[in-house]
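Shown next, in structure tokens, is the structure this report addresses.
Chain lettering (A, B, C, D and E) follows the sequence in which the chains are written, and residue indices restart at 1 in each chain.
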Amino acid sequence: MGLVGQVFDALLAIALVWLAWQATRAADLFRAVVSFIVFGLLMAVAWVRLEAPDIALAEAAIGAGATGALLLSALDRLAPRRGRSWARVWRADARTWVLWVPAVMALAGALTAAAWQLPAPGLGAVATGALEQSGVDHAVTAVLLNFRALDTLLEIGVLVLAAVAVWSMGPAPAASAPVMPSPTLPMLGRTLFPVFVLVAAYLLWRGSHAPGGAFPAGAVLGAGGILMLLAGAQPWIRSAEHGPWRAILSAGFAVMLFAAIVGALAGGAFFEYPAAIASHAILVLEVTAGMSIALLLFAVYLRGEPHPAADTDRQRC
Amino acid sequence: MSWTELVGGLLVIAGMPFFILGTLGLLRFPDVYTRLHALSKADNVGLGLVCVGLGIQSGSPAMMLKLLLIWVLMLVASATGAGLIARTALARGIRPWSP
Amino acid sequence: MLIYLALASVLFVIGLHGLFTARNLLRRLLSLNVLTTAVFLLLVVIARKATPLDPVPHAMVLTGIVIAVSTTAVALALVERIALRHSPEPEPSASTRPGEEDA
Amino acid sequence: MTAGDAAVIVLVSLPHAAAIAGFVWPSRAVTVSLISAATLMAAALVAMHAVAGYGAWRHDVGGWEAPLGIGWTIDGVACALLLLTAAVGLAGSIHHAAARVRPSTAAHDPRYFWPLWLFLWGGLNALFVSADLFNIFVTLEFVTVASVGLIALSGRLAQAAAWRYLLATLFGSSVYLLGVALIYGRVAALDLPFLAQALPADLVGMTAASLVTIGLLLKGAVFPLHFWLPSAHARALPPVSAILSGVVVAAAFYLLARAWLGPFRELLTPAAGTALGLLGAGAVLWGGLLALLQRHLKRMIAYSTVSQLGFCMLLFPLAAAGATQLAWTGAMVVLLAHGLSKAACFLAAGVIVRHHRSGRVDALGGCQQGIGLAWFAFALAAASLVGLPPTGGFVGKWWLAQAAINSGAYPWLALLVAGTLLTAAYLWRVLEAAIRTGPPDEARRPAAIAAHREGAPATPSDRGMMIAALGLALGAVAVGAAAPPLAPVLSSAIGVTW
Amino acid sequence: MNQVYPFLAAGLLLNIVVGLVRILRGPTAADRMLAAEMFATSAIVIVLLLAFVTGSFALVDVALIFSLLAALACVTFVSRAWVALEQASDDAASGPPPGDRGDTQ
């Protein structure tokens, strides 16, 4: 794209820097959060420019979906009373210009220079060479679910753990003010949810041979769940023990752990798939990973232990 | 250059002014209700033109379907979004602008 | 690529600055997220510089993004609890500094 | 699959499996946890036995070799830390299970304690065997989230501490990851033993080393980045404090040691070593001083962690001065002995504080009937922390001192002595309060007086908790006896250049 | 025709950059949310154009996800965040005092 490409990149960089600045510095919290959401949006464009479509998909789904929803919902609790932090929080004073700005410029410059010098040999050739035995055609999926599957297992573990930790902090806080009733909202939820499921399934299917796979699929499905919740769907967990939901939430992690151990029992290493069934094993893992990412994002979004009492006002919308 | 590519390209280019108009509206309209027009109308016409143009250009039915889906989803999102925002704004007591 | 490297550095520094100077808990969390994104950006640029394109950093960043969402969720849940505790009224404020009093 | 491999796979996967089981069936969580704790202890012993018998080995996860795949290195140090985790985990499990017997104590939700506890354990095990820089990042995040969950469980007051801990360690992780990214950009590898051969000692290496170090120093709460530790560790439940202070912080130091004596070995110049050593010196003195000034028992123990880890940091200047092997074994023994005795201190302190209904050091005098065992465990652990002869603390510090003498680095020897005296001073304050017979001089608090009058006898629940603490304290003493014969095993570390 | 698309993409990005002013100025939270929604539309078109320029049609999926999730942020905003924000920010707009919020139903 030549010169135009560079102009594009420069504009993107300016916008991103400005948004990051707003996100960390804006006088009001809502502006900060919206800036951060738009920041995520434009980061996805940056990933596209950097030829990382997988990350762009995940960022689009997670950044625009789960993180945005989480932050906006948190604002509901955190919104300051009038006259509090709506005053300007930070003013550039003399100390800033003398101390911070030069230090910051020097640090940023040094980092850029250091990173620019990196030879970046990369493992592309090695990964491509091993791709044939991995059971999938798409290199990123092969890395995630075969070469470095342990990372993915632990990452799902972190999500399970986050859900447990969030739930352990007590019952989910009810929305502090009534939700605006609107007839369009349930309709929107009902209409869109099948599309969410469809798109998630499509992304999952693509994962074995093209950008896509468990991560964006899970995030899209999780976002669909959150939308349903906001649109006033039936609360999903009613009983004190949460019925089978605890089992369902941890199922993905359990299946992956099981696969890893089976690999070891079959005579190989931890997480070693026998070559004959590698592609099937990865397919199963991908589906479970996607499902559990979706469920866990949703569980984490509840911001606390789902509780019968806390659910009552969700039904109202 | 084949004619599909030409027509598609022209449609895409035709979509651009709507985005500029949308941003103009976003910046210049006096209150949130008027600005909603910029969101729900101008940008979606622009998006529609781009999607149709690119669909024609690609020539593959699957791609056309996907682009169509994108457009429809955006229409749904912005229609309901605009409705919800207007409704809530009114309930919150933000008065519509009057000259 | 240079521009993206510079972008990563500047974002890192903005995140750093926000983390150290912001008082509001949510703002600090946002700063931390910006910081993490900067690191991801560096990894992806490194992947892009390599020939052929290196899938390993892409996988690392994907893992990192999911982890970042998890930690953000935990942090938000904590912030909410802290904000609730520090405000006597039903509408909580995050602008008080809970860190101050337990020194 | 050899017995050693099987043991390691059990060590990594069983805690996670048990955590899930505990989450899904909360009513069985205690049973599941205690059984798996015992199994994990056995597995750690098997792994240690395998390393002692056949030497260290490597396990390529997924069967993919170094630059592409993730490797596990199972060597003497890793096994020693696995064993430490198992000991603290087992004792902590018993302590918490016993604490639940008495209904009057705040029954912390068993539905969440046990899963988080076991996840933390599993994350630590995965961390100790991992040889891959990015995998280590993931395990560090895993450990962080589990720790934060456990701290926040301990009540409202702990949540602010948990928040600060979370922010500090997440920041540490990001900085660490930045360093890892630079290393990856330089040589396209993440495996520690592989990097030990490949990473050149140039500017990029230096930047990466300092970033990784800063990140880990934050996680390890090494002076001056220790600000988050005291309140987080002092406010958690006793077993949580024990594992955080004894193992989680040690994990950061363990990684630091592996990184600096592995990939960054060329960068460990006397200057770099001295800089790290000075941080250690600051930690020893500042942490010790603040421990001396604390009024609350648990805060004092928490500051003591900051101080004691400073001793381990002496590894770097001494290794840079040439006494690598001796300094390494010394620092590792200090780390192990500290882990066991600090955990014992926190577990004992849990009983003591509960018994006295006050955490103030000056309110602890007088009534000891019933909880003498807890005080005994505390005293034993204190002996090891100070470094009295037969204990592990003594052996470790002795080796460090020898390394200092051999390499002619006498200032570090002076620091060792000064730090030891300081440790003795603050621990003596507590023990002195305990052996006072009369009512406390300063027992202004009605609760303390009431507790004194009652002299509440120990319950079975107390006894279980005290036995857990005593077991760990005895372990810290036993390290002193076991360390000399095990020294060669401890210095078997894959990827470390002597 | 593909040679023109980079220019169009850059133009749209410029459009976004200019539109950022609305996020800065507000004045109500709704205005900011509205601006964010509009950026989603523009970003979709940018990604689509880039997909056709580079020929990597996987990027169309990114646009698809954007369009799918565009509704989510808006709905979260309306049903969760705004409720608590209204006192603080809406009085900047021309409107009656915040106590005057009537329930529509």
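Please note the rule applied: a contact is a pair of C-beta atoms (placed from the backbone, for glycine too) under 8 Å apart; a residue touches a chain by one contact, two chains touch by 3 or more.
What you are looking at is a predicted structure, and each value in this text was computed from that prediction instead of being measured.
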Seminar exercise, completed: Chains in contact with chain A and also with chain B, listed by label, are E
Exercise. From chain A, how many touching-chain steps at minimum until you land on chain E?
Worked result: 1
Exercise. Comparing centres built from CA atoms, which chain ends up most distant from chain D?
Worked result: B
Seminar exercise, completed: When C-D and A-D are ranked by contacting C-beta pairs, first place goes to A-D
Problem set entry | Whole-Å separation of chain centres (CA-atom averages), chain A against chain D | 32
For this session: Mind checking the centre-to-centre distance between chain C and chain E? Centres are C-alpha means, answer in whole Å.
Result: 22
Problem set entry | Gap in Å, rounded to a whole number, between the CA centres of chain E and chain B | 11
Seminar exercise, completed: Expected list for chain C, residues touching two or more other chains, is 12, 15, 25, 42, 46, 49-50, 54, 56, 60, 63, 67, 70-71, 74, 78-79, 81, 91
Exercise. Could you say which residues in chain A touch two or more other chains, in rising order?
Worked result: 33, 49, 51, 75, 77, 79-81, 115, 118, 120-123, 127, 147-148, 151, 155, 158, 161-162, 165, 169, 176, 180, 182, 185, 188, 192, 195
Seminar exercise, completed: Listed in rising order, chain E residues that touch 2 or more other chains are 33, 35, 40, 64, 68, 70-71, 75, 78, 84, 103-104
For this session: Could you run through all the chain pairs that touch each other?
Result: A-B, A-C, A-D, A-E, B-E, C-D
Problem set entry | chain A contact footprint on chain D (complex, rising order) | 1, 5-6, 9, 12-13, 16-17, 20, 23-24, 26, 59-64, 67-70, 72, 109, 111-112, 115-116, 119, 122-123, 126, 134-135, 138-139, 141-142, 145-146, 148-149, 152-153, 159, 182, 185-189, 203-204, 207
Exercise. Touching chain B in the complex: which residues of chain E?
Worked result: 1-2, 4-5, 8, 11-12, 15, 18-19, 21-22, 28, 30-31, 33-35, 37-38, 40-42, 44-45, 48-49, 52, 57, 60, 63-64, 67-68, 70-71, 74-75, 78, 82, 86, 90, 93-98, 100-104
Problem set entry | Touching residues on chain A, where the partner in the complex is chain E | 1, 4-5, 7-8, 11-12, 14-15, 18-19, 22, 28, 30-31, 33-35, 37-38, 41-42, 44-45, 48-49, 51, 53, 56-57, 60-61, 64-65, 68-69, 72-73, 75-77, 79-82, 86, 175-182, 185, 188, 192, 195-196, 199, 203, 206, 210-212, 216, 220, 223, 226-227, 230-231, 317
Problem set entry | Touching residues on chain C, where the partner in the complex is chain D | 12, 15, 19, 25, 28-29, 32, 35-36, 39, 42-43, 46, 49-50, 54, 56-57, 60, 63-64, 67, 70-71, 74-75, 78-79, 81-82, 85, 98-99, 102-103
For this session: Could you pull out which chain A residues touch chain C in their complex?
Result: 6, 9-10, 13, 16-17, 20-21, 23-25, 29, 32-33, 36, 39, 43, 46-47, 49-52, 54-55, 58-59, 62, 66-67, 70-71, 74-75, 77-81, 84-85, 89-90, 100, 104, 107-109, 111-112, 115-116, 118, 120-125, 127-128, 139-140, 142-144, 147-148, 151-152, 155, 158-159, 161-162, 165-166, 169-170, 173, 176, 215, 293, 297, 300-301, 303-304
